[in-house]
Every structure is written in structure tokens, then in C-alpha cells.
């Protein structure tokens, strides 16, 4: 009973650093990123990997990624949310109407949008929990409902059009605006351009006016989600709820509360994307976020999340979004006939995931 | 050791017929069908429930249903196929090219299409099995690849257009055509119309020329799939493979073979829908089957299949497709503004599923 | 009277929402009971089923768009054979008469594309991209091929998704990877036109951007001289006129004797100002 | 089979108020009657054994005690007050820790994460409040070692542990968090001899601290080794409760078999299986 | 603890050729070494017990025998020929039936469907070939009753069975299909006394039919009751094999505990846990 633990267990082989790293689901997707990068370095126009090129593909990747991280958290928690794409449109309408139609300042409109999204998310969650139905079917219903309501709401707000404009005018000069739109570190980039570190146009303007704000949000959210998952009790509960919700309940995890909170978080991620894109575009329309739920799930799965729940990582979703964004945008930089676009898209995705998987197995010696 | 089983176990309460029926997943969806029917009886134009109206909503339900039954089998077996929608386009192109471009008779073109689809399906399955990746991501890649190839193929076959026409002319008069296109029992319906049993237009033409062939296929496939699931060893293997593929393998179920076969079956269902719709429409384009994979999964889930596998039924998918078809087409018989269409669609789906679920719980006393 | 409109465009598509507004206004003006139906995506099979559903209700007239005469033909013929007057709109001018439609209101997508291409070539374009946000949608494919023919120079079709951010990035990428591109043709103003314009601006090059259909923002850019022009096919009329025709046909048996071309109408800098307000109301 | 053990028994005053009292519990699943009226109580400092044939309803019964199932009928008194646990978490917060027969572990999660699932210790505060991973790992390794299992690493996934290792995690967890009542549903079923004796010793230890233990087992010898009272269930009903010393191993074994005759093995196993 | 049982032992000629012979098996999972060279054989008509501490590698070892794992190193001879089972199905077709520790059952499926999973009897032919559901249900009920479990209905989902009922299904299934070798990984862990004695009696019965039995248990008494030979594993290595009669229960128990001292319980359990 009192045998002390041997310093080194003879039943363990020593393990390389590579194996230890690749075992973490959050890092597996890196192999895919590297592969895709190498592929495009070889085939794409050099413009793709200039500062402006990178920012160019990182912007959609970041918008997708914010959703994907929310979706990944929810998937790890064992549920789906198919309504996030529609939520982007609906929250966008809510936000645009708040600023344009009601003329509210951002300091009210933005929190209101988040609260509103969280409410819708909690309704989703509540129905799923109470009815015991699969979240797939419940949130699917909300996919349609929210999309439909966005259309109806837009027509109401504009008197017949499906596009609500004027957000840029309405929010111009608001002190909160720089946190949700435009580019950050404009000064830095101008300075870098002066020094010749980032490219400039022929007229001397920097090609990149700054770092788009969504990229900063993307990184912050990825770090935050990783922190929550790996270092907080809530993270432990999320894994438990998704791994086996029965066992988790029996072990004292408040599974219902966890799942409803996750639905709210996911909806808030959608609202954030909505606010950013609406402020950037200055307008919203009823098609915003179309099929984004799908892409978000794709990115999360590329990043190693299991559809069955209980396994995955936010950093994985981060890299998954980058892979997806890079492939979608990157193919435009290549010389391939664009008719073949979808074939390449599918092929690249498959190869990236297979590669990532093969590398992981090889390194960790798993079979 | 030799106590004989008591005639009636005192640990069982007696159970009504209702409870016994509702326990079967294949019949749970009936409650949803009834609810939706009642709803439309109350709100829709009376034309919806005339013979022609019923056939009108059964036609899309049947086309969706054939896919949904394939998807349901695959879901019960624990996998997804997101490429069936693209498969419809791709098999449609293959079939149209075979008949129009190469002028093959149906007796060659149809089997070739099935073989071809089965091959693609088996590639899907093979990659899933060998790599151990989730089928979601693998078939997603094929969603893009097949859709892209359809576009490329169409442009090749037509010399630049994305629409291939002339299938109707090419297949006219082929002895196999009546099995895959048009209406069955035309004579019967004409006679019924004469007798005034089915409605006629003002000018005396019967409103229904016959029973669309896809409805017959739909019913046959539903019965066949139910038979396989409930009465054959293969059905047992499908449930086992989806319920816990590890446990199934350990118990001697050839899980790999089962899963690959299911991918092939699903692809063949898609090919059947492709053949039927291409022959009916007389043309094909690269958007055919768009998002059908999604609708098929919806129908299967409405019908009680679990996304996690191992549970569900073909008859459930049958009724799920009918619910979906009825709601989509039914709304056009009502006076609701089209702007509200998606809101109603989502709402109806949610209510139908919630109702079905509530009834089942109430009747079986489950909690 | 009951009139049913079946189109291939969804109610939330900015273009088709204008058609629907036209339909709604015509319903008001004529007092007819009009319903607008469309499949969830560009799906000819689903659309033919919607036409069948419409025929079953035996309305006093049906308005359809015909992007694929083969696929929709039997359903439309079923209507005409049942004695229901049919007017086609938007697409299908080539097959309308053959299928028994009384007349066609619309513009040929191909011709519109051709006109736009010619105009852009005239403005000095030599190398162009055609931003197609729904590859395989035959109507959009036709716009691109018409554009290709009219433009004459080198044209590359750029397939994109439905997401403005993605479209902007892709157009940026296309501009960055080919320095020669001097013309961008977008197939929908709000979805593709506006982000294309943003990408063109960010590239710092002198690129002509034109778009099919209208949106208020895009029109403002035209007025400001940033964008070249927009092609308006005045789809409001495609919704409005057929309903009015059919209502009058039902009431008085009147029907115009030939097709009505609703466009194309190039909205250039001079004309843009007036269109902006109407576009914001969903009329243009 | 001997009855004189090194454990001290009967210390707990027989007249102490029970911590939990379950009165006439019934539980139906649809048309299946799993419990048809069972009464039971646990006093502080005693080990109350719940015995019975397979399918007798033992697990169902303790699940109603620990808040997993709501009883179809009957009353639960906790420290004298009527209680209605709406979830296992409530029961846990009241001080009831359970080792379920299916262990309630998440296979994909690490040993440490499973160990502390639902009750993670934290350090730091405000936004920096986080799990105290180092301490968690240490506690896990120590507690497991005390039960006789040397884990290779605290971050091994539970799904890759051997059956006995996994069961030990569940037991160590319950013991670590058991405040007033510790429920053990066949805790020794997958354990090796060394681990089993550790668990039995642990039961004795926690009992001495005044915690009430509910111990389910099919092993008469294990039950007699640590039990103070014995309640036997059969087909959803109680066959009766006996004090330690009032009943012989053979009688108890007969009761556990539901009164039905057993296969011809008696001799070979020295009276008790 | 007595050694004279009603079972007859040692009937199997010690010099019969083994059905399965495993030579120097190693199994690594990534960087974890679960088996570090284990040799083992089973002869027809004998019950060979595999004993050892938790995590010793018993389950891993029998999984390589039944085709679940491929050994990292080592050789498997089946009836004298080198065998390389690529799946459990192959092993099964060769005549090896296994009760896995985790039972390998599908919770959502009915008892009957689980019982016959992978080997369904059919009637009819051609396209009408179908499962013989009536016979399947009947066999299931009968076999379960023989093991001492009265099922309410053959279509109850396995997930709703009690732990012991579930284990009995797995055992009854393996016994029904075991042709040449029957592997039982802790088959009695969740069983009641009556069911346990039935299982031990069953082991004896099949052994008499010339089937080789591999029996894993942590219960020294159960092992001694039916075992002919005893192999003890410890930390992935064999500690040696003993014939029945060559070793006392106490010695065996010491070996099973991996040679480490046990808690102070010896007395209370009459020598063996």
C-alpha cells in the first residue's frame, strides 16, 4: 500500500517532443496549415504571401473563425447550432435597426445586440434541454425562423427593400466604433510602410492600412476559449457534458446550465460577427451569414473536433478556419481554371485533413 | 437453476396498444404527419387534399424520401454522407451524358449510372474506414469535388453551358423509360377521372395523369429498407455498427464491409433520384440536388434517427420526408405571405417534431 | 381573381424582392388575390412542383419565370392545357411562346450581359473578371457568357460564395494575382457589386466595376464616380405588369399582343441619383 | 469463512438518527416495475450493505438516493427533512457521494479531469480564477496510489485504463468527496486482491469518521467483512434487514440468491461464493 | 478455503497439443508498454486461469488472442499454424469466443439482437432469407434462464438491463457460440451468487466437452474452483505458470497482488479476498 511511485515507470517508452505536441488536438491542425501553405507557396501568385495578401485571406478566415470557435465549444459540449448563420443576419438586422432606425449610440446598441442574441441562444438551448430532442433539428428550425424573420424585419425597417444601409453614417465618430470596425494599428502600418517593411502602392500609400479588427477579435477569442477549455472548471464541464452527458450529470456537472450557456455563447459569437461585418459594410441584408453555420462546423471538424462531442479544441478551430479561409481564397491566386474551383477546394480539404491525421498517427505511434 | 419462467412477470405493468406502437421509432413520426395534416386542412386551400394535390406534395416528398431513406440507413450505421446532393448532380450528368452525348440506350445507361455511383460511394466509404476520419469531413470534401466535377463535366459535354438538355428526346420510346419516368397507372386514372372519382380541369382533362413513378419507388424502397433493417442479419449489423462500432467489431460484425456497403447504397439512392429527375425534367444542370443532403438528413432526423447512430428507422425517414414535403409544398396552398415562408417552415418543423416527441413520451410513460 | 406567381428566385434575394414588391403593388392596384412562390434554392425540379401546385389551385392566371424550358415545360404546358393563361417573365423569352405562354415580360440575360460587356469594352477594358456568386445558376451563367461575348477581351469567371467578406477577399486576390485586370463585372449589386467595389478601391488601381441589378449603396458609388454603371432590367415591371395583364385578362379578356422588354437599362452616373431613393425602397 | 475481523463493528450507536431515510420507494420505467416499495436508512458511522440478486433493483434504488432518478412514489428524508433532489449535483452538495456501477466516467477525458469533474479546485481570482492543475494532478496520483494503483501519468485518458484502474478512479473520487454518505455500487467488482483489500480498509476508515456507507456487493465475504447491517432486495422488494451477527453467511447467501437453489458448487467454494 | 471440489480436474492430458499458443507477445500503445513479452497456451479441455493485478495486462493479452489488437511483437499459433487474425470475426470463425471485460454490447439494441450480433440464424432463402426472429428470441430466453436470469422480454434494450443481467447476456452468448476456445474476462464480476455458481458450473461443463477455457478473475476462490493451470501476469510480464495442486491459495494470492504487501485484512477474509 505504501510503495512509492517509481521515478520512471518501466512501462513507459520515452517519447519525443513531436509526439507530445501532436497528441494535443489543438495542435494537430497545424500540420494541415503547413501543408496548405507549402502548396500555395508552390502554386499561387507571390502576392498571396505578401502582408496584404495574408491579411486578405485572414479577414474572411477571422470572420469564419469567430463563429467556428463558438461552434467548436458547442460541439465539444455535445450539441450543434445550425442557426448561427441566420443569427448573423438576424443580429445584424437588430444592430442596424438599433443604430439607423432608432439612432441609438453604439454603447447601447452593441450590448443590446449581444443580450438579444444570447436570449435567442438560450431559447434554442432551453428547447433542446427540455424536449430532449437533438439540437440538430431544433436549431435547424431556428435556421429557417431567424432567416425568415430577418427578411420580414428588413422589409419593415426599410419599407420594402432587403438592404438596410446607413450604418456607417450612423456610427461614424462613435468612440466605440474602432473596437468593432476598421483597422487597428494604422499608425504602425504607416510607419512600417515608410520603412519599406510592408508593401506600398506606387503612390507611397501603404498597401495595408492596418490590421482588420476582426483578426484581433479572432485571436483574442481563440485564446480565451482555449483558456476556458483547458484551465477552468467550466472547460472541464464542457468536455464532460459532451463526452457523456449522463455520466457528467451523475458526477455532479450542471449539464443543463453548461449547454444553455454554450448556446448563448455561440449566439454571441454570431452577434459579434454580425456587428463587425455590418459596421464594415455599412449595411446589412437578409442574406448575411448564409451557410456560415455549415462552414463553421467544417472549420471546427478540420480542427479536430468530434461531431459526437467531448473532444476538440478552440485552437484547432482556429487553425481549421485558417485552413478553410486559405484554401477558399488561395485558389483565386493560382492559375487553375476556376471551373475546377470546387474540385480543388474539396481535394485540398481532404488532403489537408488526411495529412494532418497521418502525421499525428505516425508521430504518436497510434494505430 | 431450473425455475421456469412465470407466465406473467409481476414486474411488468400491462401496456396499452398505443404505448406499444409508439415505442417503435418507425411509427413515432406518424403523430407529426397527423398534426401537419390537421394544420393544413384548417389553413390551406382545399385543392391541397384532392388527389392531384396529394400527388403534388408527394412527388417532392418521394424524391427527397428516396435520398432520406439512404441517408437514414447510413446514419443508423453511424456515418453521414454529405455528398448525396452533389451525387444527384453528378450522377445526373453521367446519365444525361450517357444518353444524350453518347446515345446509349437506357438498358446500358441506367446500370452504368448505378455502378458508377456505387463506385464513388465506395471511395467515400473506403477513405472513411481507412483513415478513421469522421465521415462528415470526408464526404464534405466529396460534396465540393462532385459538385465541381459536375460543372466541369457539363461544360465539356455541352461545350460551355451548364445545362444539358435533350434527355427526353433521347430516351423517348425506350422500353425501360416507363420504370424511371412519367406516371404509372395512367389508364386507371383516366378511367377514374371519367367516372368522376378524381378531379378534372374545367376543360375535362383529368387533373392527375397517373401516379408519378417516384412515389412507387419511394414506397418500394421504404418497405425494402424496413425489411432489411428489421428482418435480416444485415439490418442487425447496421444497427450494431452504428450503435458502437468497437463493440460490434469485437462481437464479430464485419463493420467495415457494412459501412462501405451503406455508402454505396446511399450513392445508389442518389443515382436513382438523379435518373428519375433527369428523365422527368428532360435536362440537367449543375445545381441539381443542391442541399439535398441537408434535407435528407433533416427528414431522417424528423423521422427519429439519431445523429449519433445506432437508432432510427426507414419508415421514420419515410414519414419524415412526407412531413417535410407537405410543409414545403403545403405552405404554397395557404395564404401566408412568401416573406414569412421560412418562418412558417421552421415553426412547423419544430412543432411537428415537438408534438411527435411529446406524444411519444406521454404514451409510453417515459420521462 | 386569383393569380399565382412562381419564380426561381427566393424572396430574400435582393433582386427578386423587388419583383415581389412589384407583384404586391399590382395586387393592390388590381384588387386581385396574388401569391408569390419560389423554391428555396435555384432548383428546377422543385420549381416545376411549385407550378404543379399552382395549377392544382386553378387560378385565373399564372406568372412564371422559365430558366429551363425543358424542366419546366411539362408543368407549364399542363397549365396552358388546363386553360389557365400563363405569362412568362424574366427568363425564358426563347421558349415562352412554344410552351403556350401568352407573352413574355423581361430581358434576355444573355443580351443584357452582352450589352454590359460592350459598354465596358468601350470604356477601355481589355481584361475582365466576372464574379459569379452562384455558379450553376443558369441565369447567372448566361449573364457571364453574354458578358464574355460582348466584352470581347479576356474574361475569367470568378466563382464565389454568398458571403460579402469572402467575395471582397476573392476579388482582391484576383486583382492582386493578375495585374492586367482592369474590369470587374458583378452579377448582383448588393451581394457582389459592393464588395467588388471595395476590393477594387483597396487595390489602389484604376478598375472599372459594373454590376447587374441595383442597390442603393452601389448606385451611390456610381453617382460618386467610383463604379461604372449598373444594369437595371427594371424587374419591378416583371412583377407588376404580368399581374396587371392577367387581372385584366380575367376581368375583361384583354391581353397585349406581344412581348414586353423590361430592360436592359444601363444606369450610369447621370441617372444614378434618381434611382438611389427608389432602390432604397425596393422599387429599383 | 470466519466472522472475527480486525475491523471494529457496531461502534455506531444503533439509536443514532439516520442521515438518510427512504420510505416505501417505488420506481417504474414505462411499464417496467423496478422497485415495488423499498424502505431503507443509513445511520452515521455505519456500513449498511445492500444485497440481492442480479436485477433485484439495487442500482435503481441507490440511484434514487443519489438524485439520478426521481422515485415514482415514496419519500426521501435527509437528516430528518423531506428532500427532493432534482439532480445528482444537489445530492452531492448535500454530502452524498456515489460510485455508480457504470462508474460515470468520461472515457475521452484524462484521469485528473474525471477525478475532479464537477468540483474542480481553483486558484487565483476574478478573471484569473483557474483550475489548480498541479494540485489536481498531485491529489489524483496520491489518492490512486493509496488505493494501490500506480498510474503512469495523470493525463492518461480514462478510456485507455484497465477495468480495475478505472473503477479505482471512481472509488477514490467518491471517497475524496464523500462528506456525509458514501454510496458504493459494487465497487470491488473489477478490482484485484490488493486493491480490494484497500477498498475494504477504506470503507472501514471512512466509517470511523462518522460517514454513513451504503455498500452493494455480490460477495458475501466482502459484505460480512465490513457490514454493520444487511438489507436484501429481491425482485424490487425488501426481503428484510439483519444486524451484524444476527445472520450466518450461509443464510445471507441464500437470501441473496432470492431463495432459489444454487448450482452444485457449494462444496468447492467453501460455503460462500 | 478448501481445494476438494465437485468438479473433476486434470482430465485433460497434460501432453495434448495446445489449441492456441502465444509466444512472447508484446503490445505497445504509443509510448505505453502494456505487454512486455508474455507466453501462454491453452489446451483442449482445460481451464487456464489468467490472473494478475489491475493493469497487469490481462485484458490486453486476451484481446490480442481474440483478434482485437495486433501484437506489436510475437507469434500466435492456432492449432499449430501461425495465425494472424485481422479482426475478431476471423478469430470467431476459427472458433474462439470471448466475453470482453467491457462486454462488447450495443446498449440501444435489444437483448436478442445483441445475443446473435454477427451470427444471426436465418430461415427462408434467396430474397426471402431473413432472421429467424422467433427462434432467436426463444434461444435467448432459454440460455439466459439457464444462467439464472429471468428476462422480462427478449426485446428489452441492453442499455436498460442491470449490470449483472448485461454481463450474463455476454456470457451466455459466448458459451452459445464458443466452438474451440472460450475466453472469459472477469465474467463473474457483476454477477450475483446464484449466477456466479451457474457460470462456474458452465465453465466446468464446456471444459468437459473438450473446449479450452481461458478464465480471468480477481477472485482466488473462483479461480481455484475451476482452474487447471494458473498463469500470473504482473506489469506486463509473466510471473510464471503453475499446475493445479502445485500452489496454495495464499501463494497464488500473493502472486496476484504482484508480490506487494496487502492491507491488514488477511484475517477478516479467511486468507483470500
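All chains are identified by letter, namely A, B, C, D and E, in their written order; residue positions are counted from 1 within each chain.
Convention: a residue touches a chain if its C-beta (ideal position, glycine included) is under 8 Å from a C-beta of that chain, and two chains touch if they have at least 3 such contacts.
Every value quoted in this text rests on a predicted model; they were computed, and no experiment measured them.
Novice: Determine the set of chains touching subunit A that also touch subunit B.
Specialist: Correct list: C, D, E.
Novice: Considering only C-beta pairs in contact, identify the chain pair with the most of them.
Specialist: Max contact pairs: D-E.
Novice: Which chain's mean C-alpha position is the greatest distance from subunit E's?
Specialist: Most distant chain from subunit E: C.
Novice: Based only on mean CA positions, could you tell me how far subunit C sits from subunit D in angstrom?
Specialist: About 71 Å, centre to centre.
Novice: If you average the CA atoms of subunit A and of subunit D, how many Å lie between those two points?
Specialist: Taking the mean C-alpha position of each chain, the two centres sit 44 Å apart.
Novice: Subunit D to subunit E: how many Å between their CA centres?
Specialist: The separation of the two C-alpha centroids amounts to 27 Å.
Novice: Which subunit D residues touch at least two other chains?
Specialist: Residue numbers touching two or more other chains: 29, 32, 102, 148, 152, 194, 198, 260, 262-263.
Novice: Two or more other chains in contact with one residue: find those residues in subunit B.
Specialist: 1, 3, 11-12, 147, 151, 339, 341-342, in rising order.
Novice: At which residue positions does subunit C touch at least two other chains?
Specialist: Within subunit C, residues 11-12, 135 contact more than one other chain.
Novice: Spell out all pairs of chains that touch, sorted by label.
Specialist: Those chain pairs satisfying the definition are A-B, A-C, A-D, A-E, B-C, B-D, B-E, D-E.
Novice: Over in the complex, which subunit A residues touch subunit C? Could you list them?
Specialist: Contacts found on subunit A: 44-45, 47-48, 52-53, 56-57, 59-60, 63, 147, 150-151, 155, 158-163, 165, 201-203, 205, 207, 277, 280-283, 285-292, 328-330, 332-334, 338-339, 341-342.
Novice: Spell out the part of subunit D that touches subunit E in their complex, as residue ranges.
Specialist: Interface residues on subunit D, with respect to subunit E: 1-2, 4-7, 29, 32, 52-60, 101-102, 148-149, 152, 156, 160-165, 168, 186, 189-198, 200-201, 218-222, 225, 253, 256-258, 260, 262-265, 267-270, 272-273.
Novice: Over in the complex, which subunit E residues touch subunit B? Could you list them?
Specialist: Checking each residue of subunit E against subunit B gives 66, 68, 87-89, 92, 98, 100, 102-109, 113-114, 116-120, 122, 129-131, 133, 141, 145-146, 148, 150, 152-153, 173, 194, 198.
Novice: Which residues, counting only subunit A, touch subunit B once they are in their complex?
Specialist: It is residues 127, 131-134, 136-138, 140-149, 151-152, 155, 297-298, 301-302, 306-308, 339-347, 349-350, 353-354, 357-358 of subunit A that touch subunit B.
Novice: Give every residue of subunit B touching subunit E within the complex, in rising order.
Specialist: Result: residues 1, 3, 5-6, 9, 11-12, 227, 231-233, 235-237, 239-240, 243-244, 246-254, 310-311 of subunit B touch subunit E.
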